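Both of the next two complexes hold chain A, though its partner changes from chain B to chain C.
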Partner chain A sequence: MKEKHRGLALFTTLVFIFLLGPLFIIMATSFGDSTVLKFPPEGFSFRWYKNIFDVEMFMTTFKVTIVVALAGNLIALLIGVPAAYALSRFNFKGKGLLNTIFISPILIPGVVLGFTMLKYLVVTFNLPIYTSLLIGHVVLMLPFIIRVIASSLSNFDYAVEEAAMSLGASRLKTFFTVVLPNIRSGLIAGVLLAFLESFNNVDISVFMTGPGVSTLPIQMLTYVENYFDPTIAAISVLLMAVTALLMFSIERLMGLSYFTKNN
Partner chain B sequence: MKKQYLWLLLLPGLLFLTLFMIIPIFMTIGSTFFHEGTFTIEGYVKLLGDPYILKILGTTLQVSLVTTIVCILLGFPTAYYISKQKARTKGILLALALFPLLTSAIVRSFSWMVILGKNGLVNNFLVGVGLVAEPLKILYTPTAMMIGLIHLFLPLMIISLVGVMENIDEDLLKASESLGASRMKGFMSIIVPLCVPGLIVGSILVFVGSLTAYTTPQLLGGKQRVVATFLYQNAMTLNDWYMASIVATVMIVVTFIIIGLMNQLARKLNPKG
Partner chain C sequence: MELLSLQNISVAYEKNLILKDFNLHIQEGELISLLGPSGCGKTTTLRLIAGFLEAKDGKFMFKGKDYTRVPVNKRNFGFVFQSYALFPHMTVYDNVAYGLRLRKVDQSQIAKRVQEMLEVVDLKGFEKRFPGELSGGQRQRVAIARALVIQPDLLLFDEPLSNLDANLRVNMRVEIRRIQKQLGITTVYVSHDQEECFSISDKVAIMNKGIIEQLDAPSTIYKYPTTEFVARFIGFNNFIEYGEMHNDGSVVTLHGAEGTRLEVSHRSGHPLTDSMKGAIRPDDLLVATDSECAEGVGGLTAAELASGLNVINGSVKISTFLGRSYQYVVDTPLGEFTVNREMEQPFDRGTTVKLVLPREKVVLVQSSK
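Entry: the complex of A and B
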């Protein structure tokens, strides 16, 4: 029996090397000195990190990415929180269908969402590309916000809400002073997860590019197709640092068990 | 609570999704049946008769199938090992599996360009030890796409499986052993069936994800097209929006059929009934 577990432990180690090894290789190459991407890297320098800030397109697209992720998150919260509350608090006819509709942006292939939005929002309805990009990202973020919040609400004891209301507080006041503070950590975790989804999105953003509008992932994609120097490795390291930070925060806020339970 | 309040809470989200997601999708699907004003299914006939497009569909299907199977083979033992660890170790291992999942697909595909390229790690090694005389062409082949997609989706499989394995009572295995079953037999006839719901969820996520993935095939596939990159090419490079709409329709229909079938299967096989 011990033998068997040792085999399993070795297997697991190899799987983790497969999963994480490539990311370490990217890290190592980002500090190389030669103009061609190489592993093992030659020399040591920070020049590729400096190069990120010298390429203007990285800076402009980074700004667009952040603005879209933050503004989109805010809109997704405004329309997602009431929906999540209604869906988890009340039982009514058609609830199952509504649940499916609100989750569907995860189920529908990303490129299909991107293309149909380009076709109708940008071309038919003549909305500006920037606005359409923002709308696309709200659609993308909504299911994450709704799922995480609904999952926090499922742990909330609605007797507390009823107690507050029986003492004379209005439903709206009760929501903001009793319900919301109780699901605060879930709310923040949902925001962070949605942010990460938007920040890394390619499938929708790739259809929404125009003069002055493009996101960082799309700029990275274009760059990789044309140059093969370690600049992208350097950006990757910075993105991984942000990812690790956000993941650590999500873990602190609601535990990683959310991921194993909720799909 | 009064009914109108309930709908007031749901309306903004519902309106938003209807306007910006549901209508564009249904209009796109509808548009594929009309060409220059008349009803036609010509586009679909053309799709099924074009060997180039059939090859793309074949590649996509093959790559997704292999990716799913490899993810099951690698993910199952790994998830089992993780689920058997103490809470602290389990937490660390789960975090290590989740980290690549949350990392940008571009970063992850890019790392495989470095590893599989002409002067990449793998080729340098193979040439260095004299196994091959010339660097192999691995990057920009279906194999590269598969490796990239396995790397992309393996964490999803592991996480789905750990979710169900955590809840399996270890005593069941001991009970079967005390009744005389071999460890392997007990594992295959008790643990594996209990994992089926997680296995199905994981497989849907991986299969549908691979079927519709854009970034990884775009970076690692080179001229090899899959449906998602074919849609993009038609929409953005060739400006053939009619074909792009047909591909989009096929993708939606196939996705929903698979999810529906798998859900039905999960309901049938769920040991809890």
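Entry: the complex of A and C
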């Protein structure tokens, strides 16, 4: 297939412009010197990047976002790793149902999930906002952790675990000495992916914010409602950079095709 | 001395009963093979002994103790897998040392025993390699060393050679037998390769549909299969079914229609039932013309043959050149028979021939329903 398709090439270029164009515009405007978002930008300065660090709310919500993403990740791992192991290694009644329940947060629209959690966690059970936010993010991260780890486990020969057991290792010992070292890259990829999912989340977080507790993406929304300066563009560029870096790490670890495979 | 016994064991997988009322006794120091077609329950039996599977019913006794509920990691049995199942993140040394570390053996002892074992499997100098850097045969030798170094009370092999190429398979099975004898360790070996099982085992258990059809020394099975299934499995392609059976001690006679008879020399101790069939290999069955029969064939006189003793009339249906010999499929009133004969000029299709069954080459087997 060496034949050249001019039409196809043109079409592909258009798609790329459509997809990436806005990102370039944001990037360009973030370095502008004027006080409103403008394209093409006028002048060149880093003042909007500096401004991010001057707005206190950005810094506090950034901390909340990081804490929630990390703590939530840890909790999701504690639940997700045993769940993924059980789902991929054992046959039991209700396995299919359990699998569906664990994956369902991906299938249910985030807004619905967020609203439901607001209704139950905050209104009915009267949990503190911070706790509710954390629970919401754990639920959000779980499917990613479970899917990626289950996928790693399915590529790992169960006979190797049996070998360890036949040599005298208990199930737990086998898991830590044999299974874990071999699904490490999957584990890290799952953690990074879940981290991103939590870090960038808007639709669940928006219901779980209250006085003093907000996440960075929510703070950005609030900021845009009040100001229209390029600070928001500068933050966006930083977020894109973090996301791209993490995705690059995941790709290097196990290949993104991992997540498109049905498993 | 009896080392282990499976008593009335049943194993079910989901709703299918794989083993039902299964019994097996193994003597100390012997190498016993479980041989059979896929789905016969041989791997299930092995995994049950290993402790990977639990019996639904029955008892597993080992060294006089009830092992039925002893978990796999407390059994001290070595297991060698078809897929080698080495720890991919550990070096050869660490793979072999794994079981010893779990047993809290001290470092210097571990180093010594790992070295010894690597010597036994001829892998000295490979300590620092990872499994990914080894060939299939080397990997399987690491797996054997890993299973042996813990000084297991029993060694279990699950089709250990089926991922290796043909030449290596022959070398490895000699190795396995050598190591097994050298260490005198009781071994259960599962394979679907007949030659492999026969060449290394003290005893072979031929399995079919969850039961042991015959358990004997390889040479005994080869010469004297006891059931139709075993006979077919080891290449007795021809079966003769006559009606009435008559036993006068050293000779058993089966009577067919119109005076035809089949006389078989009887082995003492071989149990006879009402539903026996004669079985014979294509190499042992003789095919002859009328004129050859007039001079006597295969230890039977012309008169005996003429009276219908150990002879079947038929016509050549298919003739195949096999190199050393020709193989004929002969159509007879008793069905088709396969027979090999070395000859210069083959019989043409449709030639009328006689099939002669030498008395000592025919084996009586229990017919399978």
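One rule holds in what follows: the second predicted complex is superposed on the first by the 255 of 263 C-alpha atoms of A that agree within 3 Å, B and C clash if a C-alpha of one lies under 4 Å from a C-alpha of the other, contacts with A are read in each partner's own complex, and residues count from 1 in each chain.
One rule holds in what follows: a residue touches a chain if its C-beta (ideal position, glycine included) is under 8 Å from a C-beta of that chain, and two chains touch if they have at least 3 such contacts.
Remember, predicted model here, so these are calculated numbers, not experimental data.
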item: Clash or fit (per the criteria above) of chain B with chain C on chain A; value: fit
item: Contacts of A:V138 with chain B and chain C, given as first, second, both or neither; value: first
item: Partner chain(s) touched by A:S170 [first = chain B, second = chain C, both, neither]; value: second
item: Superposition-derived comparison: chain B or chain C, residues of chain A touched; value: B
item: Touching partner for A:V178 - first (chain B), second (chain C), both, neither; value: second
item: Partner chain in contact with A:E162 - chain B first, chain C second, else both or neither; value: second
item: A:A83 touches, of chain B and chain C: first, second, both or neither?; value: first
item: Partner chain(s) touched by A:L74 [first = chain B, second = chain C, both, neither]; value: neither
item: After the two structures are overlaid on chain A, angle v-u-w for chain B, chain A, chain C in degrees (C-alpha centres, nearest 10); value: 90
item: Lowest inter-chain C-alpha distance for chain C and chain B in the superposed arrangement, angstrom; value: 8
item: Residues of chain A that lie at the interface with chain B and also at the interface with chain C; value: none
item: Residues of chain C touching chain A in the complex; value: 50-52, 72-79, 81-83, 85-89, 98-99, 102-103, 143, 146-147, 150
item: Touching residues on chain A, where the partner in the complex is chain B; value: 1, 4-5, 8-9, 11-12, 15-16, 18-20, 22-23, 25-26, 29, 36-39, 78-80, 82-83, 85-87, 90, 92, 98, 101-102, 104-105, 107-113, 115-121, 124, 135-136, 138-139, 142, 146, 171, 196, 199-200, 202-203, 206-207, 217, 220-221, 224-225, 228, 232-233, 236, 239-240, 243-244, 246-247, 251, 256, 259-261, 263
item: Chain A partner contacts - residues on chain B that touch it in the complex; value: 1, 3, 5-6, 8-10, 12-14, 16-17, 20-25, 27-28, 74, 77-78, 80-82, 91, 93-100, 102-108, 110-115, 119-121, 151, 154-156, 159-160, 162-163, 166, 183, 201, 205, 208, 211-212, 214-215, 218-219, 228, 231-232, 235-236, 241, 244-245, 248, 251-252, 255-256, 259
item: Complex contact set, residues of chain A against chain C; value: 157, 159-160, 162-170, 173, 177-178, 181-182
